[in-house]
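Here the chain labels run A, B and C in written order, and each chain numbers its own residues starting at 1.
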């Protein structure tokens, strides 16, 4: 390989022409029998077990698994960056034909950035927040002596242009916090491309982003692949994988349990874990009834209750928050809706759209600046807390992060006891009454004396649901109840919620940023943007025939959909994309 | 234009509030002191007749209602008049300014020593090998646990009395500054090193360091270009403590080494119950604190672009 | 990563043993040193350390070791009492700020800011000015010096707890406000404070001794370490041991408390040492 590449690769085609010719199927990285262990002795953790992979220019290999499956560790180990406590062994680890097992620190440095680039999750922290992105992007070129430090300007501009950042001259001087999430991620990709590596290792490249931005970043990665860059895509999200990958390896507890071409693995999975993972993807699961969402028939068959007075009525609710120096932000803007007993209503929107504020208003934890919330036909938001207290048991919250919703010093028995006390269960009976609650959510008396910190994420969420049910509420407000959970746990919790809502006849206000989750559990949906409800209707109608442009944008941003579009060659055109991201930026301004 | 001025005004107002609060605090504290303030002026061996006491009372306005005295006091301070010392037959202003330079000299050298030493030790001990770090941690712990006055006495015993290398007290010789500066600067350096190292280790764990390493950067570049700058941010938050320690430490160090300075004046004033001087010193240190805090705010913006106001967008 | 964690475990063990020894010496000094701290032998003044007088004798022929052992209780009790008073004042202050409205919060925290703007030593000097010299004055002075910082921490912690998911959940269950404060806010706010107090104890002991050294605390015949140093400083040229040994004990005490405090902090942060 010559080290005299074109400065920064002004355009991809130029670089390729002037560089040594690289066969399209060039194997860049080959690894066999890789193991990563952390620590030593009895406390040793065997994070990656006997993994074999081959990365090729122009192809994308996906590594799928839930958090803790060892996929990120594997990605780092391929760069020689598994960390000081890690022991990496392999039968074979070849990078560009060189035996990386014999690499010293100096050899690794010649490979990092130059042969293998890294793009990690959340560019806000993956780029140095104290340096302008131009300097970050120039760093690999300087480190590998491709370009003299003072001549990096034009190369940086070309890279920014290539990844679709508008106004590169200006943006190169921006700091990461001044850019929108999408532009930031593009800048991070540009910095990974700067020394023209043959393969990018992308570790959850879209996870921290909103759905619509996610789709555009995936399109960019697809474009890079088409231009000849190999990709190792590490992701927990099967939809992302489906959109981009040629081959997939499923990781579970450090081992690859199944591998093969994407189409084959995703349609005909062999290993039970792959099957479970696929089943767990919201929207992929078989529906309870073919015609409509599971909530719909029940709501219709709910009898007089469903046709009677609505349980929750929100009319013209407005909530402002003061921001710096006297200004105020309108978090909820003139929102009205109703919720009937036994009905499951979805509330969808991206982060910052005002969903959680609306939940606070419904729960009576926040007071609306104008408008009203009525519960069971009686005023709710306009009553003093003293009177409201006696009726609080009728509606309960299932929070996003149950760990922070429990007093860290308390055991499960005491947590449930506090809730039972709220409906006047005498102290001696609380422990016995807590047991059926736990059984209802699939836990046992073995969990009674544990502290929340000693439970798994799914178990915690079950305890949170049990606490919410302890007061025998009529309405559950679920605020992103599954977004902090792994996919397979997600599926279990959703099934539990659906079953409980059905059997107890609960009304549910289900808040989520995830359309697939909403579609699975709700009968009717509200779409929220910038504090307003922009669209509402039966969930199937909204999904198949969205009226509002924002809903359409949200839907097209579901990774599976964009993936199919990308494959068919109908990637959203770049100008449109720039416009949205520019708006996003000016909003932050 | 108005938007640009507003933060400056808010900042100034905040500074005025702090100084006013400190002044009020010291005024209030003096009212709490039991006994007749005239006693503080004439001393305990009171061979002073009632008429003379009455005269003093009038001269120092002790006969006025408390509120008037307070308003008077504020008015005088606002116009820069700090009053006269009870004991020294000089204005407080003269007393303090005469003693200011030795303290400033001491504090500046000590700060320089602390900053240089802590940065050097942090960088030198942040390598891969753990032993330098362990030894340095142990030394830091020892220094932090050593009260400044005893450190001073120890240094005096060794270097002045037994080795005879350095003078025992202030002789005007620049060498007489060495031990006081070390006594004041060393404990600060130890704490600063701990904070810097903690910051450096945290920064080295940050995702952007992984990104930098994945670019093929050499370890020393990763540290010097990325991590070190981050490690100074937590150190900057220590500034209030830093200023307080310098001034408070000056009281002790100046007494150990029998050096002139504001710290010594303050202690003497407390012993002599020379209230105007005490008030003057309190006002002075509040002003110093406020000024240093403003300078540090500026430094923050230099180090961290996220805190700059006018570089486009504000972090959401 | 805390420093305590990087210390070898023996360090912690030694610290624990020294702490126990010092506690015993503070409660019952006669166990370690036979004679009284004020008994002097005028025929044996300014004698260097020997088998008879481990730490030597001072200008009045008093045994420095005996005096130093008797001095343990002063430093320890001044430090502990000052920290205790500081914590009590700060708890009221910080909780009042966090639980009162916006105006109360602003006022109380502004007051803390103002006190924090003054050097702790200067604040202590003003307190001594009011109370007069002596052990009580110094104790109160050190307490007043630590209180504003503690108050800030408590307020911050209380605000975090008040906005926490579990307080919200309790509100959602209809639990009364006073009950929420007693059940959730107080315990979760004060627990971290106890750790912070342990860490600060070392500084309090050190500051207390410094004030005594400056002549504001315990007065000379008292075998307080700071006061002993003041006496000994006049004899540095002839009899270094008078000032050296009490200071050494002081360092040992501060070191011990600091090591134990940092270990407690590391544990409470969930990092076992």
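Throughout what follows, contacts are C-beta pairs under 8 Å (C-beta built on N, C-alpha and C of every residue); 3 or more make two chains touch, one makes a residue touch a chain.
What you see is a predicted model, and the numbers here were worked out from it, not measured in a lab.
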| item | value |
| --- | --- |
| Target subunit B, source subunit A, minimum contact steps | 1 |
| Winner on C-beta contact pairs when B-C is weighed against A-C | B-C |
| Subunit A and subunit C, separation of their C-alpha mean positions in angstrom | 48 |
| Chain centre separation (subunit B, subunit C; CA means) in Å | 21 |
| Residues of subunit B engaged with two or more neighbouring chains | none |
| Sites on subunit C touched by subunit B in the complex | 1, 3, 6-7, 110-111, 113-122, 125-130, 202, 206, 209-210, 213-216, 226, 229, 232-233, 236-237, 240, 243-244, 247, 250-251, 254-255, 258-259 |
| Subunit A residues touching subunit C - in the complex, by the definition given at the top | 363, 365, 388-393, 395-397, 399, 401-402, 404-409, 418-419, 421-422, 467, 471 |
| List of subunit B residues in touch with subunit A within their complex | 6, 128, 206-208, 210-219, 221, 225-226, 229-230, 303-306, 311-316 |
| Residues of subunit A defined as touching subunit B within the complex | 76, 79, 81, 84, 105, 109-114, 116-118, 120-122, 125-132, 139-140, 143-144, 174-175, 177-178, 188, 191-192, 194-195, 201, 324-325, 585, 588-589 |
| Contact footprint of subunit A on subunit C as seen in their complex | 164-166, 168-176, 183-184, 187-188, 191 |
